[in-house]
Each structure stands twice: as structure tokens, then as C-alpha cells.
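Letters A, B, C, D and E name the chains as they come in the text, with residue numbers starting at 1 for each one.
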Amino acid sequence: MLKVDNINVYYGAIHAIKGISLEVNEGEIVTLIGANGAGKSTALKTISGLLRSRTGEIVFMGEKISNMAPHKIVERGLAHVPEGRRIFLQMTVRENLDMGAYTQPASATEEALERVYAQFPRLKERRKQIAGTLSGGEQQMLAIGRALMSRPKLLALDEPSMGLAPLLVEQIFCIIEELNKSGTTILLVEQNAQMALSIADRAYVIETGTIGLSGTGRELAQSDQIRKAYLGG
Amino acid sequence: SANEKKGESGAFKIGGTGPLTGVAAIYGTAAMNGAQIAVDEINAMGGIKFELKYEDDEHDAEKAVNAYNTLKDWGMQIFLGSVTSTPAVATSAEAFNDRIFSLTPSASSTDVTKGKDNMFQMCFADPNQGTASAQYIADKNLGTKIAVIYKNDDPYSKGIYNTFAEKAAELNLEIVSTTTFTDDSQTDFNVQLLDAKDKGADLIFLPMYYTPASLIFQQAKAMGYAPKYFGVDGMDGILTLENFDTSLAEGVILLTPFNADSNDERTVNFVNKYKELFDEIPNQFAADGYDCIYALKAALEAAECKPSMTASELCEKLIGAFTTMKFDGLTGDSMTWAANGEVSKSPKGMVIQNGAYVGLD
Amino acid sequence: MATPERPDVKLVPVPSTNIIPERDVDKEPILEARNLGIDFGGLVAVDKFDMAIGRTEIAGLIGPNGAGKTTVFNLFTKVYQPTRGSILLDGRDIQNMTTVQVNRAGIARTFQNIRLFGNLSVEDNVKLGLHNQINYGMWTGILRLPGYWKSEKLMHERAMELLSIFDMQRYASHRAGSLPYGAQRRLEIVRALATNPSLLLLDEPAAGMNPSETAELMKNIVKVRDTFKIAILLIEHDMNLVMGICEGICVLNFGKIIAKGTPSQIQNNPEVIEAYLGKKKEG
Amino acid sequence: MKKNNIFLIYGTVIAAYIIIQLLMSAGAVTSSLRGQLVPICAYIVMAVSLNLTVGVLGELSLGHAGFMSIGAFTGVVACMSLESALPPTLPRFVISLLVGAAFAGVAGFLIGIPVLRLNGDYLAIVTLAFGEIIKNIINCLYVGIDSRGLHLSFLTNSDALNLEEGGTVIINGPMGIAGITKLSTFTFGFALVLVALFIVLNLIRSRAGRAIMALRDNRIAAESIGINVTKYKLMAFVTSSALAGAAGTLFALNYSTITAAKFNFNTSILVLVFVVLGGLGNIWGSIIATTVLVILPELLREFNDYRMLVYAIVLILVMLATNNATFKNTLRELVNKIIPEKLIKRKEGTTDGNS
Amino acid sequence: MTFLSYLISGLSLGSVYAIIALGYTMVYGIAKMLNFAHGDVIMVGAYVCFFAMTRWGINPVFGILLAMAVCTVLGVIIERLAYKPLRAVPSLFVLITAIGMSYFLQNAAQLLWTPNPKVFTSVVGNASIKLFDGQLSISVIAIVTIAACFVIMAVLSWYINNTKMGKAMRACSEDKGAAQLMGISVNLTISVTFAIGSALAAVAGVLLCSAYPTLMPTTGAMPGIKAFTAAVFGGIGSIPGAMIGGIMLGIIEIFGKGYISTQLSDAVVFAVLIIVLLVKPTGILGKQINEKV
């Protein structure tokens, strides 16, 4: 479904991604793990078009999307929940969710909204609140909810569990699994590697801009090397 | 140094600065165009030859000094002053130090000439206009209750107002309303006009350029107020304002040295040439620029100057010539210059009738 | 779930009404909040909040998202003015103090969303923390009088010393904004420490860190407390960290305290499990 | 801070001064350039001081010319009043400069108080408003001197000053000041630039400067670590305006006339352009950008009518180019290719300098 | 009576400021940049309409439409060429290109159309309504301007709050990256913003010159600054705020002249502005958005 082939990304003179290739198949949950600053977020941003790769190619559903404008990529069914939430702080919760459904026909909005509200009742309760005054965790829920509004085929999530209460973290992972079951393919970046690996079909480990290891979630969760470096075990 | 460079082509090098861009660009371009016509005419005649170079000063003293220095580097021998007053005060001080003879077409402030023996004006000095206007109004009994609107951040306008007010007091003219405007607020004149109207003014004195005046006429009409208007030389040009409804200016009296509608042969000739070249009717600045060149020609001839002389040599000779000669130009007959640089010429009282200037006396 | 290595902290059993550790009990608490509350429009964000923090205690403030934890920090640091109740710092009411004065009186904090001086160097960030510790006037600085050289040298030494706690000396000349996320969080703590506080407030210090980094952080927090003999109040959703190093824990839900106690008391409190922890975990 | 490499800054300025002095003594400097030396110095001081507000404190000011105006008028009044009492020019010049700086600094303090409550564009508009108010007030102000001392009058005309016989009008409302004796020289201007650089650079690299930059980067965090926002905003603002005042005096004493209209919004904007083009917080950049942009319109005189049009286009293109990543990268690569590694540092400087 | 006359003059002047401020605030609100060239786009609009009416004898209505079309294209081109490449850098840099653009437009206009002023023919004639035996007169153009202001304000507010594009505009104004992730084309949205802003500028230019009929290359400069002031006064980014700010500014200017002093009116206007901002630091209708800590 998504095929990333040998991309190189720079921030000015900084070479942040050094020839990464990866693949996500339809229906999978794939997770990227790695230390702070390894380049996970950069990889996601490149896939969703926010950053440009100097070389290589990204193909989504058989179509080349490298060098495509981000909004066109979204239209093709790839949604990205960015790091740091990036919600519209001065809009209300409801308006934020509406923005998520921007590419969708107006008729589909109501239904999508109900689904999101069902998943995050707190958002329904606060639908008129200005998003900027939400608590950190509430903002995170909003960011995920917003991405779900567009009914994406592939959902890329950058650290969705950050700042969430334990109960909610579990909930979020449940939601991710549910989404996956209902047909959404997931590309997940997580610090909570334990949880991520437990739900992932496959995983890649990124180390300073390159792919270190890859394998099924289970394999990696049991690898000693991984346990030491990322699981604190 | 640059100052001592001589005219090479056998022509006198005349430099001028004026606003060629920005808000005041109309005045600078007009003076430049007028002067250029005169230069071309003279060069075609044979005899004395001129080379004219104009530099933009953006109506700013700092830029004017830069422009002046550029002209010096070019080898300027005679300086055609700056067109507007504030820059002219700055450049004339430079020319005074450099001993370069200067004649300004239109910078009318007395600060321009004050204390500088080599600085002469082609236009009236502000005080002259103020006094002459008051005198004229008193003599002709044009109004009993007078209102004045002037531009408070403009030395020209404020300068004329000051002497007008002084003279008016002397002549027992009653000024009932004095109001002002500035660059930042020159669109709406309702308050000023209401004040004049409420105080019963039957004549409004407008020491300003014609652009704001045209707005005043329009707004007064809209509020149903029809006093007499009395303008100064800056009012000249209002009839040539593109698309202006000349009926608004009907009856406006102004003192101006130049009348583009005059039947005088030289004026007709000048106006036609100007129209042909620049597609416009020349205003007083153009005429001043034109006169400056002819006055310089007359003075240079009178003093038997050669293009090979240095600027400072020319300066002394021209000072002598200017203080002694009599000059007939488009902007006045039998003009003479006092040692302080001020010109003496008689302003022509004009009234606008049926969209044309008509001489008053 | 793997049990993290617990740093060697001795938990002191305390009476259930008061969560101050025993060693601090006979001293006056460093901070005491009494019946604190704040409303935003109709929303009661915090209500009837009572808490005392011991002089050298590491205390935790936990609760579901939007429970009002950050708001409590904002009340303590006078970013918000409380609608009700009072806060006593070292026995002194801070009612009329500003954020700046509260800091000078001894409270330093970090932020949930990092607030560094991103364009300044790491060292300068720490020196700014030392701003009120080492003082010289504007003209001393401009004219480079001897006071300038002396103070700047002192500042440099102090800054490096503080950075070394978190093993960050090597970043000293880097632009703070260009540091990796985890390093930025640590730098915020160092900067707060530099203001010489008696109470340090940490808002989700482990957010965005992986488990091994978190374990490192836990050791460092305890080290800070032990070296500086200060009280630390932290907000965190990482239960390994909270249960691992906090002596007393206070749980908020919908702005109200639902439980106070030692980690084991909290872990076994059904109301807390229901509202926050989810199904009980072992370890 | 790397971008404010002090050796580079002082070095360039001093070297430029020496070179120009040598060229002048050899008669190789045109009148045009010579005439611009003092205004360049004045504008450099303006740009450096505005950089303190805009680049270092991070607040947009659109009324910097207002402070220049205050400095110009008060400085010249001081200079003209002292003419008989203190004939030697150097001390008179220095005193005038100090007077100009002091008055502008006080104005900076007064305007700084509302500044503290506002941010961003609201602050910008207050500074703009302030510049307009100053202009308007000076246009209505009359100051004269006679044996009894200074006389002041407002909203009238110069007659209302009631000067004795032999008294002189100094500020004459909209006519401003005429008949100023030119005291400013390139050397004085250069000295003022050095003083301004010394003050600003040392301030930035001290405890107070750090606090000012902290306010720019994150006010809330600065408060949380006990930094007094009011104090440091005011400090930056007052220093900046006092220096602008000194620049105003230097500028005014270079021309025989000044009017309030000179120091209008456009002048404020012009200085802002110098600062932004040179780089926010980058003092060296301010110096270079100012020099280039002051000289540029003069170099473009050949274009006659198209001069200001070309100037506008150059301004836009430079802005686009300096902010274009590809352009910067190409430039860097080019430099890397042509020049051996160890020279790069210095060479990059000169490339910028010629742009 | 004087009071009423002043009030009416103030309203007329204010409505002109307001209509310019609407375009200003619209572009500011979305693109987050102070478009100092806005005043000059106004000037271009007025020139186009002037030539259409007086030189080519086109009906005023079509003159206005032509001016709007030309300005729309001009606005979009300016944005594409001069502002778009600077989207990623701080807005101060764009401010400088905007200033360059303003110089450019003024000087190009001067070269194309000479610096000589032209007298604009009011698109609705110079009629006025006389009340109280002609003691009080309200010009038709003032009424039209005020009405236009209200209509534009209402339509703009509705557009921004209710249409899809309007929402896209608000999203872009907050976070361009996130907006893209929603599937919004930032380029298109900003182009539309500039197109609307510039079309409004054309209308403003025509109305400005109908009310105060001198037309020069610098005609837009001062009203541009005044409108900027008005927009901030009303709370920058707020559409109704721009309208209120503009009208307040006009009224204060006229009252300052009438009741205080014509010489000090500029100082009065700006002093009032400063005082208002001290009391309400984000302008009359500006929302105080506190950053959550």
C-alpha cells in the first residue's frame, strides 16, 4: 500500500534521514520505534508531504506521492496526526473536527462526528470550548479525533499516547486496533515501544536516520537488543 | 576638485534638483521640463550653449544634498536651486560654501536666501505673497470677514499665512476663522469649512497648492457654502487638473505670476511646445524653470562669461549681473533682484471665469 | 509488563490525612494549599484542593487528562489567580505575589509543553536561571567593569555544574531549540533548578521519553532532591516513574482530590483504579 | 553569540573608516560619497539601536524615527543655544549629542510604559502613533533664544516667542530649524557608531542582554524564572531610543536645515528595512545592510526616472534571495568549491558584504 | 447642529477608512502579514476605474467591476511573486517585501500615469441630501460607502465563518502545516484571500476617490496607514472590528479637529488610539487570547 524507497531528508545542512526504505501493506499495523531524534517524525512528515525528500520515491496505492502537495496526499486517503498535536488552537473543538472532514462531502460529516464523539466522549462534552484551553491530554484526543474525521485509508500517528493518562493510553491502543480491524491501515510512531510492539504486525527500528532492525512486532519485542535500548529492560 | 571641473563641450553645465518621484513629483518634473524647453531653444539659437542635468531629491533635504553632490561630481557650474523650499534651504547652504551660483525656480521660503549672497529666487518669496495678498484684498475690498485655511506642516503654506496674518492685522482686515490641515489629514475639510461658515466668513484665503484646494471647493459646494476664494501662486494649475470640474473654481481669485491662457506670444509659444512634448498644460513651476534658464542666459551674456570659467568665477560674475539686470520672462516683466536674492516682480491678479483665467486689472 | 529498576528510595509510611513523609512531619511544610479553587467561566477546573508538601519530599500529582493538574501548577506559580482559597509558601501567603515574585520566593517549574529560550544557547538558558542569584548592573555589563568578569565567570561555573547533574555539559554551546526532545526536557529542569528553588514543580517530565530514558530521569530527580535538599512536586502519567519515586501522591479527578496516600495505597485505591489507572497491574 | 562576532564587527567598521580616510586624503572620494558619510553613520546607529528593539527584544517598532526626531531637535537646540557660551565644537557637539540622547531616552521611557502592556502588532501601532504625535507636535512648536534664555511657544507662530532684538528663532514650527551650523564630521559619526556598537554589543552579551533575549524567546518562561519583564523591556527600549536620539543629533548637525516631516513613518520604515535585511539580532548585518541601502539609491541615479522602481525591485529580490534555501545552499556550495576550507569563514563575510 | 455635522463628516471619513481596513484586516487575519502594499492596490483600482470612466467612457458599474478584476489579478500575482516564497520565514520579512512592493507600485504608477493629480468622478455623483433647511447635508457617496461597508462586513463575516473556503482560511491562518494535513491547499486558500482582499481594495479605491476625488500615485499611502491604524484599533483580524475601528477613527479625527484644534488633530487621533489600546490591549473587538500555560 505504501512503499518508501531510499529517501534522504535534510534540514538545511543536517542530514536527518539517510536512505530509509520501508513498506506498509494493506490492513497492517506497522510501527516505527527509535530513540529521541532518530528521525521517526521526519520520516512521517516526509511521507505526508510536509517535507521533501531529495532522492528516492514514495508510492502510495500505486501512485507516486513524493513531491506531491500534502493536501493532495490527504485527498488520496493518507491522514497524519503530527507530533505536538498541531490542533487549531483558536478554533473550537467542533470546528477542529470539521476541519478534519475538509476533504469529505458534507453529508458524511455528521456520521463521522458521531463516531469520534463516541470514541472520545470528552470531546463531545467540550465541543464548544476553544481548543487552546483544553488540557494536554484533551488536545491529544482532539488531534486523533480530527484525523479520524477524514476516514483515511492509511493513518499515520506520531506518538499518540504522549501525555495521556494510563487508562486513555490503553483506550487509544484499543481504538487503533479497532480502526485497523475495520480496515484502516496504521503507521504508528511510538515511544511506548512495549505497547506499540504488542499490537504491531511489523516494526522498524530507526537509528539516527537509518533503519536498524525490522521484523514482526513479536520478534522485536523479544530481541534482547531492543529490550535494552528501548524497553528499559 | 570636482568643483573646479570645466564645461568641456563648450556648454555651461547647469544642474538642478527637485522632486521627480514621490508626493511632490509634479513640481519637480514641471520645473525640469520647463527648463529643458528653454535649454533646447537656446541651444538651437546658436551662441551660448547649456547642458542641463536634473537629479531627483524626493522633496527631502538629505536626498537633495546627495543630488547636489552628484551634480558636483558631474561638473556642475551653475546650480538651478532646488524646486521646493526645505531641500532648497539645505542645498543652498552647500552651494554657498562651494561658491556655486544658485537660482531656484520656485523655492519661496526666505530661509533659502537668508545670508547667502549667491542664492537667487525666480519666484516670489513667501512674505511677499502674504503681504501682497492682504494688500490686494484690502485694496479691492474683496471680503469683510476672512477665513484662512493653511497647511500646518508645510513651510510654504505656513510662511505665507504668517505674513498674511500680520499684514491683515495692520490693514484692519478681520480674520474670523483660522484652521489648518496636514499631510496626514488632507482629505476632509468639512470641519474647516464649517468653522468658516459658522463664523460668517465671506472670503477664504487659501495659501496652498491646488490639489487640496480642489477638494475644498468640492466639499464647500456639497455643504452649500459659497464664499469667495483667494489663492496664491500654488493655486495656479487648478484649471489644468485632469477631469476637474472647472465650475467649482468659478470666481476664484489668485495672485500668480504666470497664466497659461495668456495671449502673450512667448507664453503661447511655450505652452504649445510644452503640450506637444509632455502632453500637458504647463503650470507656474514649468514657467519658472523656463524663466530661470533665460535669466541665466541674460546674466551670463551680460557678464561675458565663458563655459571655461570655474564655478566660483562664474558665481562672482553672476552675482554682479543678477543684482544689476532687468529681465522679462513668462512670469513677469522687468524683474529685478535685490542683493538678498529676492525677486521683484508684480504679481498678476487673476480671476477664474468660465473655466479660464482672466486678468483682474 | 517489565518491572523497571527502582531507584533506591525509602518510602516512609504516613498517616492517611497527611502525606508528608515522616522525616518532614515536625517541620512546617514548604507549601500548603488550603481549599484552593479556580473557575474558568462555568467550568470548575480545580476545587477544594488541600495539600501540604514536605520540605524534602518528592510528591506526585496524578489524575486523568483535564483533571486540573497543570492548573494547580499555574495556581502555585500565580499564572492564574485562584478564585478561592489560599496558598502558603514557607508559611507566607502568596496571594499578592506575581509569577516573578513567587519564583524569587522559592518556586520553580517546568512546563508541559516545553518553554525554553530556543534561540539562546543551552548555557545561556541556565545562566538565565541564575539571573537573580548572581547579580550585576546594566552599566557594569556595558562597561565591562570587574564585577562583570567576576560574575560571569561564577555564572559559567555554576551553569556547568548544574548541567553536569544531567550530564549535559557537552551541549553547553548548542542552541537550546535544536536539542533532541528529551534533552530539552532535562534542560528545563536544570534551568528551573538554577533559580535556587525550595520547591520544584515538574509537569510531565518524562513525556516523550522512552522507558530507558525515563529510568535515567528517575535517578536524576532523586539525585536532585538529595543534593539540593528541596521538595519536588511532579505531574506524570508514567506510573513507573510516579510509583517508583514519589513518597506521597495526590490524585485529582474533575478538579477534586479523590485520594491521597503512598504509592501502594494509591495503586490499590478502587476509585483511582476506576478513574485513572485502569485494571490493576502487578509491579 | 556566533552571528555577532565582535572582532568582525569592530574590524570592519574600523577598517572602513581608515580606508575612507586614506582615500579622502588622496582625493579619490567623490563629493557624492563624501556627502553621504555622516548620514550613513547616523543610519547605522539608528539601525543598530532599532535592532536592539526589533531583533533582540523582539518587539516591532514602527516609530523609531520619532526618537531620532526628538534627538535631532533637542540636540540642535542645545547646540545653537550653546553657540556663544561654548565656542569649541567638540565639547559642544558631545553635549548636544548627550542632550539629544537624554531627551529621546526620556521619551522612550514614557512610551515604554504602554509598550509593556502590548505585544506584536498592537505595539507596532503604538510606536507608529507615537512617531506621528511627535511629528505633529514639533510642527506646532516654536523655540527661540535671546539674552534672557530659551523661549517656548506652542500652536502659535514665531512672533509669540517675544524675542528681544537680536534673539534668534531656533525651531520655527513646520519650517523646522534652518541655518544650522554643520558640526557633524565623518570622524564624529564614526566615533558615535563605535560608541553605539560598544553599548549594544556589550549589553547583548551581558546579564541584562540575556534577560532581554529571554523575553523575546518566551515571556512566560522568563517570568517563571524570576525575570522582571517590565524592567528589561524598558531597559532595551530606553537604550534603543537614546541611541536613536544621538543619531538624530548627528544627522541634524550635518544639514543646514531639518524639519519634523523628515522623521516620518517612511523614515521609520526605512530603518526597519535595514534591520530586517541585515538580519534580526545581527548587528554586523545591520551595518552592512544600512551602508548598502543608503548608497544604493545614489548608485541608481543613472536610471533616472526608473531609479526608485529599480530600488523597489532590488529590495524585493534581495529579500527573496536571502530567504531562499536553494539560493543559500547554492551559494554555500559555490563558496565551498572555490575556496579552501579554512578560508571559508572569512570569505563568506565578504560575499555577503558585496551583495 | 455643529455636533451633528461633525458626526456626519466623521462617519463619512470613517466609512472610507473602514472599507480600506476591511481588506487590510482580511489579509492580515488569514495570511498573518501586514500588507503595506494594500494602500497602493487601492490606488491602482482607483486609476483603472478612472481611466475606464473618463478615458474610455465606460459605465461606472463596469468601471468598478473592471477595477476589481484588475486588482484581483494584481493581488494574486503580487502574492505569488513576492510573498509566497517567504511563507516559511518570520512575517517581518514579508513586511519588508510588502514595503518594496508598495514602492514598486507607487513608482510604476508614476511612470505610467505621471505624478499629476487627476480628479476622480464620483461613481454615484456628487449629490447630497439636505436636512434642516440645508443646515445639514449628507452626501450620497457617504451613504453609499457606509452601506457598502456594512454589506461587505456582513458578507465577509459570513463567508469566513460558514463556507468551506472560509474555514480553510481560518485554518491556514493558524497553522499552515496542519491545514495541509487536513487536505487544504494552502496556496489556493491564500490566493483566494489575496484575491478577495484586492477586490475589496478596488472597491475601497473607487469609494475613497469618489468621496475625496484627488487621484495621484501616492493616493493610497496615507489612507493605507490610517486603515492599518483603524484595523488595529478595532482589533486586528476582526472583520467587524475593522469596520468599527475605521468609523471610530474618522469620528475621532473630525471631532479632534472640530473641538480641540485642527493643528493638533493628528496627535489627538493617535493619542486616543494609544489610550484605547492601554485600556483594551487588543483593540475594541480584539479577542484576548491567552496562551494556555
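Methods note: a residue touches a chain if its C-beta (ideal position, glycine included) is under 8 Å from a C-beta of that chain, and two chains touch if they have at least 3 such contacts.
Remember, it's a predicted structure, so these values are computed and weren't measured experimentally.
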{"item": "Minimum number of chain-to-chain touching steps separating chain C from chain D", "value": "1"}
{"item": "Both-way neighbours, i.e. chains that touch chain E and touch chain C", "value": "A, D"}
{"item": "Farthest chain (mean CA position) relative to chain E", "value": "C"}
{"item": "Between chain C and chain A, distance of the C-alpha-averaged centres to the nearest whole Å", "value": "30"}
{"item": "Averaged-CA centre spacing for the pair chain B and chain A, given as whole angstrom", "value": "73"}
{"item": "Between chain D and chain B, distance of the C-alpha-averaged centres to the nearest whole Å", "value": "34"}
{"item": "Rounded Å distance, chain A centre to chain E centre (Cα mean)", "value": "42"}
{"item": "Chain C residues counted as touching two or more neighbouring chains", "value": "70, 79, 111"}
{"item": "Residue numbers of chain E (touch at least two other chains)", "value": "106-107, 263, 266, 291, 293"}
{"item": "Per-residue multi-chain contacts in chain B, two or more chains", "value": "21-22, 152, 182-184"}
{"item": "Residue numbers on chain E that touch chain C, as the complex places them", "value": "293"}
{"item": "In the complex, chain D residues that touch chain B", "value": "27, 30-32, 34-36, 39, 132, 135-136, 139-140, 157-159, 173-176, 178-179, 182, 251, 255-262, 297-298, 301, 305, 307-308"}
{"item": "Chain B residues within the chain E interface of the complex", "value": "21-23, 25-26, 29, 152, 179-185, 187-188, 190-192, 194-195, 198, 211-212, 214-215, 218, 221-224, 241-245, 280"}
{"item": "Chain E to chain D touching residues, read off their complex", "value": "28, 34, 36, 82, 85-86, 89-90, 92-93, 95-97, 99-101, 103-104, 106-108, 111, 225, 228-229, 232-233, 236, 261, 263-264, 266-267, 270-271, 273-274, 277-278, 281-283, 286, 291, 293"}
{"item": "Sites on chain D touched by chain C in the complex", "value": "1, 198-199, 202-203, 206-211, 213-214, 216-218, 220-229, 235"}
